[in-house]
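First the structure, in the form of structure tokens, and then the observations on it.
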Amino acid sequence: MDNRFSNAQRAEVLTQALPYIQRYNGKIVVVKYGGNAMVNENLKEQVMEDVVLLWLIGVKVVLVHGGGPEISEMMNKLGKQSEFINGLRVTDKETVEIAQMVLSGKINKSLVNFLEKEGGKAMGISGVDGKLIEASIKNPELGFVGKIDNVNINPVLDLLEKGYIPVVSTIGCDNDGNIYNINADTAAARIAGALGAERLIMMTDIVGLLKDKDDPKTLIPTIKVSEAKSLLEDGTISGGMIPKIKCCIDAISHGVKNVTIMDGRIPHSILMELLTNEGAGTEVVADNG
Amino acid sequence: MDNRFSNAQRAEVLTQALPYIQRYNGKIVVVKYGGNAMVNENLKEQVMEDVVLLWLIGVKVVLVHGGGPEISEMMNKLGKQSEFINGLRVTDKETVEIAQMVLSGKINKSLVNFLEKEGGKAMGISGVDGKLIEASIKNPELGFVGKIDNVNINPVLDLLEKGYIPVVSTIGCDNDGNIYNINADTAAARIAGALGAERLIMMTDIVGLLKDKDDPKTLIPTIKVSEAKSLLEDGTISGGMIPKIKCCIDAISHGVKNVTIMDGRIPHSILMELLTNEGAGTEVVADNG
Amino acid sequence: MDNRFSNAQRAEVLTQALPYIQRYNGKIVVVKYGGNAMVNENLKEQVMEDVVLLWLIGVKVVLVHGGGPEISEMMNKLGKQSEFINGLRVTDKETVEIAQMVLSGKINKSLVNFLEKEGGKAMGISGVDGKLIEASIKNPELGFVGKIDNVNINPVLDLLEKGYIPVVSTIGCDNDGNIYNINADTAAARIAGALGAERLIMMTDIVGLLKDKDDPKTLIPTIKVSEAKSLLEDGTISGGMIPKIKCCIDAISHGVKNVTIMDGRIPHSILMELLTNEGAGTEVVADNG
Amino acid sequence: MDNRFSNAQRAEVLTQALPYIQRYNGKIVVVKYGGNAMVNENLKEQVMEDVVLLWLIGVKVVLVHGGGPEISEMMNKLGKQSEFINGLRVTDKETVEIAQMVLSGKINKSLVNFLEKEGGKAMGISGVDGKLIEASIKNPELGFVGKIDNVNINPVLDLLEKGYIPVVSTIGCDNDGNIYNINADTAAARIAGALGAERLIMMTDIVGLLKDKDDPKTLIPTIKVSEAKSLLEDGTISGGMIPKIKCCIDAISHGVKNVTIMDGRIPHSILMELLTNEGAGTEVVADNG
Amino acid sequence: MDNRFSNAQRAEVLTQALPYIQRYNGKIVVVKYGGNAMVNENLKEQVMEDVVLLWLIGVKVVLVHGGGPEISEMMNKLGKQSEFINGLRVTDKETVEIAQMVLSGKINKSLVNFLEKEGGKAMGISGVDGKLIEASIKNPELGFVGKIDNVNINPVLDLLEKGYIPVVSTIGCDNDGNIYNINADTAAARIAGALGAERLIMMTDIVGLLKDKDDPKTLIPTIKVSEAKSLLEDGTISGGMIPKIKCCIDAISHGVKNVTIMDGRIPHSILMELLTNEGAGTEVVADNG
Amino acid sequence: MDNRFSNAQRAEVLTQALPYIQRYNGKIVVVKYGGNAMVNENLKEQVMEDVVLLWLIGVKVVLVHGGGPEISEMMNKLGKQSEFINGLRVTDKETVEIAQMVLSGKINKSLVNFLEKEGGKAMGISGVDGKLIEASIKNPELGFVGKIDNVNINPVLDLLEKGYIPVVSTIGCDNDGNIYNINADTAAARIAGALGAERLIMMTDIVGLLKDKDDPKTLIPTIKVSEAKSLLEDGTISGGMIPKIKCCIDAISHGVKNVTIMDGRIPHSILMELLTNEGAGTEVVADNG
């Protein structure tokens, strides 16, 4: 513990977190972990600390992660050439196997290991375990890129009941023994929906949804689903923001109370979002929320 | 929330509390509440906040309180004259009834009410409920001043299991329907012992145990039971400190891991003691602790 | 055991109670305790015996008590002058504190103590514990006289589940830390309603509802809610009987199956009411009951 | 309900049973049912009432029954001749089948039916169900007369846990599919022992153990095991009393706290024994009991 | 183990049973046991083996049995003359008692004993235990032949929950203490219905439902309820088959998924029906099944 | 289902498996999966079928797997050169990361997927999840080759309790966030020991322990621990057999009842070992076993 704060100040800060702790005690919060916060070692440690802290104060945290850049890196190392159709990468059997290794073997276990080093009790699973994510082919030309047909949420609930922090890598399965690569944002949204989560936090590398996408000062702190749909239609929301926002809307429609597109580049952004009076990014809420 | 700290600072402080939260999560902490912290309204609010915060982060807090000054005040209001034998007040039937009213009616319910106002879930009981404290006469000349014969800890465990903060007023009972006034320090020590508590915190109006009782700079931060016994024998510990220290030794011998004589005049002293690297007062620990 | 009955006679009587025991086994019975049965020491002992006996044969008894006369007595002793508005006593902060002391400290703990002396396992709580009774001001001129806004029945259910006889003193609370004096008849009716009690027994000092209030021989043994409403309208029911009957009707409308205005001056009236073929007083039942 | 007692008297009697009800609440009481009380219809009804009453007030009653006379009667009806060796009846395959039919079919189901008619919840099993009584041949010449090798008490505990009154017919089984006739006194003693029962009541047709077996006024109300052994050795206990007393001693040695040889000819003798201050017959207790 | 099959073959066969085991794991299967399979010792042993095997692989088997021939045999042995009205036997008090003895005493306990010899854990009950089958008189002239008024399925569920194979003899009871003889097919159908069983298997001595009742090659392997009703109306189904089919229809209408009239003369017919791709007999299924 | 066996034969075979099913019902069996059975697709499918079948008949199967050849293959693909010291491969950070990917990502998830395709309910974890395997460096020169310091068996028990087949990849962790490669045989032995498993089956590519290692006809079907130790000392056991046998002895000493070195090249060898009268390979048992 450094000495920038006196213990009296520490106590004061803790006390001021009281109403926030109270609000999330016993509630389910799904964190979609990705972007810079997953690459930068400093930020990574802070996210792990944040998750363990939430877990200790009684929040049921579920960590859902992807791993795009590391999959590409491994493919390069293995000299695997990707085929592209209309600019979209084709995921053949070998590619999905690499994704499976990187996501469920490398990243997933490293996150579990990190959480436990910080004092948490974690278990890493994938969408294959207990058939959590049942998927099928989205577009035959793209190979094993899966669309989610069904989420069997029991494996996550079993782990929560036993007191673990579930860490989920987003590969899916079907009844014929195939494995699919699943978009992590979509998976997080569907898992949060199936859990009826209190909050879904999507960690990103942007400040949030902007009225003018080139001016960070035009951040929209809160937006209703109907308003977001309008902005999608009129083109205000564009580019990579489109699927993100669609995921948020999807999660809300599946029963999540509040979805936040959070700037994961800010240190301890999860704690700040949940335990102080000021969040970072854009909250999407139901029209009647 | 005032603005003395930025949210980033808040998050940092919370994170630094992580190892402490971890240490007390699921553990039983008994707080003997009394002295200035019970009279000064500001301190009182802070104690209530501290207790609710601990409860929210998974600590099983048990609050044990006395109420000496308020009993005297009520006796004065009622014009009740106390008889004294060798300087000790005689507790007749009427006196014990006044104590019962003030402790279990006025103070106990006010504390429960305060904890719930802060967001806690509390239930106030006395040593009579579920025969928690079985007592008998200590000295016939002094009347209904009870010595504790037995602690039936089930009522406290039942409330903890149901998620309440038990708030205990220290009156006792026997099988003949008598009620006794019980010393709150002794009751707290015995209850903590019966619970095998992780910590017993005795709130006082002193800085702690001093080597030279007139020099606050001679504070002994930690003392082993055997050392404390030596100081009792050689007279270093004297006056009102004697029964306090005896209570601490008694609690340790009944299985409490760590007893702290804490300076309750310091704001948020409970939080500082449990969640930061620096306590206030003197810790008494077992010789092999 | 005296010898007025032979053991054969005792066995016979016990056997004849069989169908009644069967009927109430596992059911909730709320007893509003008050009046002479609370003042006369002989009657008091008999009520305590009755409650413990019911508890032992598997009835879930909840004891709700007021304590008007003792509050007045304490106010006199303290020299507290009551202010009156239109003949109604104003309950200022000091008055409600005295009520709190007398009800939750003196009477409540004495009842718990008495039940345990008779072999029961009891726990005394108030409307403040676990926020059992949430109240607000009824009439600003009268001060802290509360009307019940909400009954959180969990504290009572928790104690029943853990095998205690809950003993409830009728003070209420709000979210701002205020405490209110609550009419005990009303509180008993609302608590019985929230519990969906099988029976609510209101102990009184009258023989029951009379057709001619001056002729005890005109006792109405059973009355339907609609009939009671007629008698209220046509003025047959008058004076202090009006709020009693209104409480009964209220309890029935909240789901209690049977409310009895019982003559508490008769020894063992509760046992007779529940375990023999002849009750004392007036039963109020639903129209379709 | 007849009118020999006023309701006030009834209430008084019930109240006086309080300490007895308290004593047996939640305890296991095994009743060996047999003799006149099983033949005389009036007594039978009273035993059934007693058992259901005990069950309702929270006693865990286990009814163990034999049925000697009815077996003989059925053998006569079937024209089955018994072979005798040294005066002891040989139990061949056909005989044990008749015993099985009469005990587990006729008597057992009739008792269950009777208990349920009185409002109890009963389930009738035999020593074969769940292998409750494992037996082997005692004396090859006598055929299928079993000695008990093992008592698997789980079936009885399962029924008690599910709230039934277990009614046990005393036939036994082995691993080869044989069925044995088992002495009901012995079986009751062993079952009570395996349950660690609070009480074992052996219903008989005698007043109890007499100092002078011809003088009913010489009844021994309580006897210690060591004293009983002396009386066996010096011949004071003789005839049919020998095996009864040996069973009692056996039960005590297996952990039963108190065994009573009770006069089943007295109406409601079970209730009187358990719920009043005066029993009927002889209590056998441990030397240190 | 004989040597007709190599262990490799055994393993192969076991593996091929996999999907069938999977299908019935955790499901309730009611077997109405009767006919030749109950008389022929070889078949009997095979049925017991089949039931224990199903129980071990996680099927919740309930065995319901009658015992017509053995009742008649016992009546003959006892020289009891039956009275007949319009060709139907009158069941007087003595007759029902004989049925009770034979069914619940002789057959029921022998089956339990047999199942346990094969390694199962069984408990034998009747329709009287826990008031499983509540009945009343069907036709006053026929005496105690019961029609089923109500099935209280809890006793069966309690035994299943505790891991037993419930073996049920079909006698019934009423609230006045009478016992009734109940048709076993009807009882099995109603019990299966109350359990919402996956399968009801009616063991018979016929090959199944035939289009031409004289030609076994015209077996109908599966029939819908509506088709069965047509065949009843047009007289294709006749004689003893009528009540069987009516029972099947009744069971389906009470919620059983699939009822099979099975040829019990074929060795291991239950195992073949449930664990291979080929059953024996006729399946009756819901129209939309 | 092919037609090599009649359904009657199938039923017969199933019945003969009865005593074996009974023996392992509810017991824990740990299978160390490796060798040919993991590479050959036909054998792999059969192992998966065997495991699911055992799981369905109530055996608590735990699958522990290594993956040596696939790790080497991946290292080759990645062009990673291994350094060797005294012929032992050095496991640097990059190597352990590859092992982690292959074991926990590729193999583990593929096995889970396969088990679920066969109808099982599986969850794949590693020694990192819930800190199942705590390890430290064995030999600093060899890098992250771990020796097991501690097995926290709770994660496996949690999954068994929730009805999953735990599939465990053998990497380990320490408190500093390091990950270790763990020998799968050793891990399986230690996990089986911590579970007090009934059986540990080590799948190998040999026929078992041979008296003359060049003559398969000298197979030792059963060996006691003391005998095995002698054979280790006198050199009869040599080469790669030494660590295998040491693992077996270690498992027995940690409480496993029976360890089998099984020839995994034989189809359905697990089923044959557990459910028929003839195993394949060598059983190691305790001296008093």
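Descriptive notes on the structure:
To keep things simple, chains are lettered A, B, C, D, E and F as they appear, and every chain counts its residues starting from 1.
The rule we apply is simple: a contact is a pair of C-beta atoms (placed from the backbone, for glycine too) under 8 Å apart; a residue touches a chain by one contact, two chains touch by 3 or more.
This structure is a prediction, so every number in the text was calculated from the model and none was measured.
Of all chains in the assembly, none touches subunit A and also subunit F. At the interface between subunit E and subunit F, two copies of one sequence, more than half of the residue numbers in use are shared by both copies. Distances between chain centres, each the mean of the C-alpha atoms, put B farthest from subunit E.
We define each chain's centre as the mean of its Cα atoms; on that basis subunit B and subunit E are separated by 68 Å. With each centre defined as the average position of its C-alpha atoms, the distance from subunit D to subunit E rounds to 35 Å. If you average the CA atoms of subunit A and of subunit B, the two centres end up 45 Å from each other.
The set of subunit E residues touching two or more other chains is empty. If you draw each protein chain as a dot and join the dots that touch, you get one closed loop, with every dot joined to exactly two others. The ring of chains, read from subunit A with the first step to subunit B, runs A, B, C, D, E, F. The touching residues of subunit B, when paired with subunit A in their complex, are 1-2, 4-5, 7-19, 21-22, 25, 46, 49-50, 52-53, 56-58, 118-119, 266-268, 271-272, 275-278. If you check the complex, the residues on subunit D that touch subunit E are 77-78, 97, 100-106, 108-110, 112-114, 116-117, 121-126, 128-131, 155, 158, 162, 164, 171, 173, 175-177, 179.
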